[in-house]
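Next, two complexes with subunit A in common: one pairs it with subunit B, the other with subunit C.
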Partner chain A sequence: MSSIRSNPETLSVLDRPNSYIGKTVPRPNLDRLLQGRGTYVSDMELPRMAHVAFLRSPHAHAEIVSIDASAAKQMAGVIAVVTGKELSAVITPWVGVLSHLKGLKSAPQSAIAIDRVCWQGEAVAAIVATSRAAAEDAAEHVAVEYREIEAVTDMRTALDPATPVIHASLGDNLAWERVHDAGAVDEAFAGSDAVVEAEFIFGRHTGVTLEPRSVVADWNAAEARLTIYQGTQAPHMVQNIAALHLGLKESQVRVVCKDVGGSFGIKVHIYADEMAIYALSKLLRRPIKFVADRVESFNTDIHARDHRCKGKIGVKRDGSITAFEIDDLTGIGPYSMYPRTSAIEANQVVNLVGGPYTNKNYRARARVVYQNKNVMCQYRAVGHPIACSVTEGLVDLAAMKIGMDPVEIRRRNLIADDAYPCGSPSGLRFEQLSHHASLAKIVEMMDYQALRTEQAALRKKGVHRGIGIASFIEVTNPSAAFYGVGGARISSQDGVAVRLDAQGSVICQTSITEQGQGSESLTAQIVGSVLGVSMDRVRVILGDTDMTPYGGGTWASRGAGIGGEAALQATKILRKNILDVAAVILQSTPAELDIAGNAVVNVGDGAPRIELNELARIVYFRPDTLPPGIQPELMATKHFVPREYPFAFTNGVQAAWVEVDTDSGFVKLLKHWVVEDCGTIINPQLVDEQIRGGVVQGLGAALFEKCIYDERGQLTNANMADYLVPMSGEMPDIDVGHVVSPTRESELGAKGAGEAGTAGAAAAVTNAVNDALSPFGTIITEIPLTPQVILTAMGRI
Partner chain B sequence: MTAQVSITLMVNGERVEAQVLPRLNLADFLREQLKLTGTHVGCEHGVCGACTVRVGGEIVRSCLMLAVQVDGAEVETIEGLSDSGEIADLQDAFRDRNALQCGFCTPAMLMAAQDLLQQNPAPAREEIREHLSGNYCRCTGYQAIIDAVENAARARVGRTA
Partner chain C sequence: MKASAFAYARATSVANALELLVLHGEKARVLSGGQSLIPAINLRLVAPELIVDISDLKELRGIAVKGETLVIGALTRHADLLKSSDIVKCAPLLKAAVAHVAHPAIRNRGTIGGSLAQADPASELPACMLALGATIVVRGPGGERRIAAEDFFTGIYETKLAPQDLLVALELPVARKGSAHFFQEFARRHGDYAIVGLAAQALLQGDRFADLRLGYFAVGDKPVLAKAAGRLTGVAVTPALLAEVSDALSDELDPQQDQQATPAMRRHLAKVLLRRSVATLLNRPDLQAGATA
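Right, the complex of A and B next:
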């Protein structure tokens, strides 16, 4: 690990003796998951709980002429069959727009389709029964008459006058458009020594969480309260939306999130079928459970990255980049997703293209169009893989054109490490990045020159290996600029309450959530370090709107940077409060005392003065022995949100070493490297594993993953045998290195690390494949890089 | 609907008698009737591996087997392997290496890893990758899992050497 800036100069609360910060410690409570004793929503059962199977549209676009459920209602175990119209008695429709995405328009969407279906897989009726199997049996006996309508499937023709308009009330199929122009782009291209253009094509893919989306909703009519058990990343957001559309107060809705079997942004949204479950529970006054099966997951979990982006770069002979221009087109399905909208990915693409470089001339257009396919929305590293692949693909093409080494052209254009703070032509503000330190480090880690030598030697033997480099920036620690300013009630602040219990242990309630990233661990590490207690004394409670402070949850790489800082600040107050009362008990002063090893100790010689459990005993059970007027406060709460920068940008670089079989078109991933800078590292192992997991999700997109729709809007590979995901056999080992530039917005200094891996992996692999194929003059700008794509590009099939 | 069928089997060393529908798969039987929820259901078509259990000492995908097929058989799940201590060292290695994030694939991954180490006490890294290649993990990127299995294998060989 190398540090280009220390923060702050003096010893901080994080540098105390026995600090857990910067140390690899195992996550607490893993035995539960290792022994199969976790509680995922799919494991839950409640008294009188009924199960739902949805009857889903087989058509991409059709009118619902009639629904006849009379036969199904007579079947064994069936409790109810509910249509969209019937359900609308208890739940209102919604429109997925935000005011800061000017011009974004969408149509009202219902929990269950009413009158018309707009994608294959949209729910048409809910069958509620005593078991899922009974519900599925009955679903086969619900007769729906459809009248098919022409489906809009190709995003390239979605805006043509001849193409039907999906929602007549919107006037056309354009959801949103953003145009951006900075600097003097035309002059810059005119003054370039070379201008290169390419169209980059990205396969629509999806998250494939191993546990499908699952929800149990329990409306207790006697309490007038709805409890929602859901694997969600944002419990308070779910509380707000459920209350809003069911006509309840937020205090009438409790959202509980126990173990979550993978999320990655798939579970940060609110899906129509989940809304239907909340509503069905209210309608039927009993607990209702829905667990998506895998076919439903493919047809209804949000998809992402269906983009076609034309890109153009200008370059001088000395390698300096003169301008970037992009024209991005994306098809998002028939509705903008709720409540985060489906325009964010395109917006991110415009924001991020060219981000690592000093270039100031940048023009962009992004158009977001409707189509009759499953909805698209935010998935891990929203927009980043598109922006990174376009930028880094263009940079490599420019380097190739002027005959410059890919590392060298980046050295000449990356923003200097001492140039901060600075901004980008798209309007981003960077506090402190470390592109050059990162690039230097990865070149050393991979032994770049040795690889080039090996590559040249192998080429003579007909073995085609390639090296790909991709620099990137990542959006983390989002402030209210992300959603709040647009009117979404999605909190950007998080809160932590921390208290000393009667035996001197610590209970910590945090509004960030855990889906395996290590939120619980990083919170316990921070609390233990700042307070001076061992981690095994810290119990972290999260994922329950009744039990935790109000906050955003865990998404957009915000848990450590925002929730972690709240934990730090809350614990500082608790520490002060403990020392205040200790000073009274010990007839000392707070300045002479410290807490270490679960006891109050002398600052001077570290000698133990009073164990925390003894202090707690006095405070809770013998307050009569304290002087009059002393009221100890052994609980403290703090909230935090970044205010100075809208986002804490991180940066990094990835490198791929691949071999292409030019006969079969198969790509073998030999090795992958990442250097990234997420600021203060709380737990190195957890950060590295976030990076590795993220990289492999990006590698899936690079090589395998694609939702294949036919021209009628039918998803043709909605199963795990035909939709390929990365498995252990094909994945390489991934070396991870770090540069550390803490953010000064917080005392903790942590930025996010959850999306860096996914941001740059596909770009690195694509550049490596093109490098391997350079003797053939083949350039490929499409992912996934399937054998078919490669052999077609090579003219071999 | 077809009538229920009586089955008798051993599950984690305990005798179980049950009435099951012929169409009920083993995964649903374990989870819904026996409440052994450590066996997870990820794809229900035999690809993701999350439902891996042992039947007669061999690992199988419990979503691809019917409950009626295990009549008279010996079935072991993650709960059994945990309680007996058989895989305690593997579980420790997974914890130390953070070889799990969301944990949904983990019980089955441990099942598959133990199966490998029973057949091959000192597998090469590539052999570990190959043996676990039927178990999907979306979180880790696999490297930590491969490391953990490698570490556990080395420690076992060290103990018996």
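Right, the complex of A and C next:
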């Protein structure tokens, strides 16, 4: 790890003796999870709890002519069969738009379809029974008569006049369009020595969380209060939305989020079937449970990507990039998701293309269209893999065209490390990035020249290996600019309350959430370090709207940067309050005292003066022994949101080393490298594993994952045998290196790390495959890079 | 999804299992390792009224060499095949193939009889039975019958087994001196069903094939014993001959289209495997070079 901006003259609050910051320490929640004592929603059992199975549409687009549930209602164990119309008595529909995405339009969506289904898998009735099995038995006896309507499935023809309009009230199938033009693009292309164009195709895929979406809703009519147990990334958002559409006050809704088995952005949205569960509990006045099975996860968890992006790059003979132009098209299903909308990914593509480079000439168009497939929305590294693949694919094509090495062309165009702060032609503002330091480091880590030598030697033996490089930028620590300014009630600030208990242990309540990435650990590390207590004294409570401060949760790589800073600031206050009391007790001054090793000590010689448990005993049980007028405050709360920059951009570079079997079209991933800069690193192991996990999801997109729809809108591979997730057998070793440029927006200096791996992995692999295939003159700009795609491109079949 | 309700009977003997199957016919399904049946039940793709669990029938489990015949009980698990020294000695092709069957957890439960009775055309073991010239031993209401592997597999998930039959064992000729084998499959991920695979068993005489049996899988609705292989036996294999045989193989196969591959791609990969197998078995790298043409 190297730091390009060290600041040795001032010791920060994080550099205290025995600090946990920058150290790999075990997660506090490991024992609970490894001993099987975690609590997931599917573990929940409540008295009188009923189970739901949804009857889902077999058609991509159809009118619901009639629903006959009379036979199902007579079956053993069945409590109710509820249609969309019946449920609409207790829950209102919603429209997934945000005001800052100008022109974005969507149609009202109901918790359960009423009159019409718009994708295969949309719920048409809820069967409530004493067990899931009984509900599924009954579902087979609900007779639904459909009248099929022509399905809109191909995004390329969705806007054609001959294509049916899915929602007549919208007038057409265009959800949103953004056009951006900066600099003088036409002149720049005209003045270029070479201009290269390509169309990049990205498969539709999904997140595949180990634990499926699951919810238990418990309406307590006596309290007029709804408790929602749900694996969500954003409890306060769920609270707000549930209350809004059930006609309740937020204070009437409590959202509890216990352990969550992976999220990746899948669990940051409001799903129609989850809304139906909240409403069913209110309607039937009892606890209702729904756990999505794997088939319905594939059919209803948000999908992502599915872009076709035409790209164009201009370049001079000396390698300088003159202009980028893109025309992006994406199909998002029949509704814009709620409440974050389905236009964000396309918006991000426009924002991010060309982002690492000094080029100022940039033109972009993005169109987002409706179709009769499952809904699409934000999934890990929203828009980044597309922008990165397009940008880095174009840069490699330009390099190939002018005969320049891929590393060299990047060196000549990446924004200089001393050029900050600066902006991008799409309007992004960068506080401090480290593209050149990152590139230099990765070149060294992978021994680039040695790999090139090896590649040339093997090529003579008919072994075709390739190297791919991909620089990237990543949006992290979002302020209100993401959702709040558009009218969504999704908090961009987070809060932490921290208190010293009577035996000197620390309780910390935070509004960020934990889905496996280590929020609990990083919070405890910060609190322990800043306060001067050992981590085992710190208990972190998260995921409960009744118990934690108000905040956004964990998504968009914001937990450490925003929630971590709130924890730091709250703990600083608690520390000051403790030292104030200690000074009184010890007849000293706060400046002469410090806290270390769970005790108040002398600043000068570190000699222990009073144990924290003794201090707490005096404060809580013998306040009468303190001087008059002293009222100790051993609990502190702080909130934080970045204000100066709308996003804390991070940067990095990835490299892939692959071998292509030119007989079979199979790609073998030999090695992968990442250098990234997420600012201050709180726990190196957590960061590295976030990067590796992200890379693996990116490699999945590159080689394996795709939701395959037929022309009638049927998802044909909705199971774990046919939808190929990346597995360990195919994964390469992933070496991770860091450059550290802390953000000055916070004292902590941490930026996000959760999505960097996913942002650039597919771009690196695609560039590597094209590098391997360069002797054959084959260029492929489509992922996943399946053997079928590769053999076809090579003209072998 | 949750399975629909079914009755369950744990068979106490082969005779007892056969009684139950005669009594319930098509409404019953036999459970051995459960690696295909249980997922299908949980997805409600099948809804048997009765599960006849034969997994306790120890007489159906085990590997024995009887003279020139290797006998493998139907309930022998994939993991047992991998560990058996008899398999290494008498049918090493099987060991090479089983390593490609799914993942360790599945190999610990799945049985060879279950795999053969399931008759998934993309699975490894049925093709091995063709290459090895196996005999499938079946017991039914009319007593015991022996069915040649070439006749046993009749279509996708279809065999000569009647609902009242129980697959009890399989018999393989013990590998002779001069035997050689080759196994390779193209699968997107380790443990996946193959896009195309080849189980090849050869008898070498000098630098020629005295016999060559090429058992292809995932190239049609059942495993295929390639007839084209016959043209490579008893002759000196030249690149030109191999190219001719390769074309003949392509004509002989009628592969299906699915999400992984078009028929053209399957034919292409089958030809790649032909070249690789012949080059490997004859130790003639020059023959493989032609594969990129």
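Here are a few things to note about the model shown:
The criterion applied here is as follows: the second predicted complex is superposed on the first by the 794 of 797 C-alpha atoms of A that agree within 3 Å, B and C clash if a C-alpha of one lies under 4 Å from a C-alpha of the other, contacts with A are read in each partner's own complex, and residues count from 1 in each chain.
Here, a residue touches a chain if its C-beta (ideal position, glycine included) is under 8 Å from a C-beta of that chain, and two chains touch if they have at least 3 such contacts.
Since the model is a prediction, treat every value here as computed from it, not as a measurement.
Legend: residue contacts after superposition of the two complexes on their common chain; A:I797 is shown touching subunit C, with no touch to subunit B.
In the superposition on chain A, no contact is made by A:A399 with either subunit B or subunit C. Once chain A of one complex is fitted onto chain A of the other, the partner contacts of A:G516 are limited to subunit B, with no touch recorded for subunit C. In the superposed model, A:M727 lies in contact with both subunit B and subunit C.
When the shared chain is aligned, no partner comes close enough to touch A:L226: not subunit B, not subunit C. Touch criterion not met for A:L329: it reaches neither subunit B nor subunit C. Counting the residues of subunit A touched by each of subunit B and subunit C gives the higher count for B. Looking at the shared chain after the overlay, A:M237 reaches neither subunit B nor subunit C.
By the touch criterion stated above, A:D293 is placed in contact with subunit B and with subunit C alike. Of the residues of subunit A, those at positions 133, 293, 719, 721, 726-727, 729-730 touch subunit B in one of the two structures and subunit C in the other.
By the touch criterion stated above, subunit C contacts subunit A in their complex at residues 1-5, 43-44, 186, 188-193, 195, 259-262, 264-265, 268-269, 272, 289, 291-292.
Those residues of subunit B whose C-beta lies close enough to touch subunit A in the complex are 1, 23, 31, 36-45, 47-48, 50, 77-79, 82, 91, 94-98, 100-107, 110, 128-130, 132-146. Interface residues of subunit A facing subunit C in the complex, by the touch rule stated above, are 131-133, 136-137, 293, 295, 462, 662-666, 704, 708, 716-717, 719, 721-722, 724, 726-727, 729-730, 786-788, 791, 796-797. Put simply, subunit A touches subunit B in their complex at residues 26-27, 30-38, 40, 42-43, 76, 133, 207-212, 259-264, 293-294, 515-518, 685-686, 689, 692-697, 719-721, 725-731, 733-734, 757.
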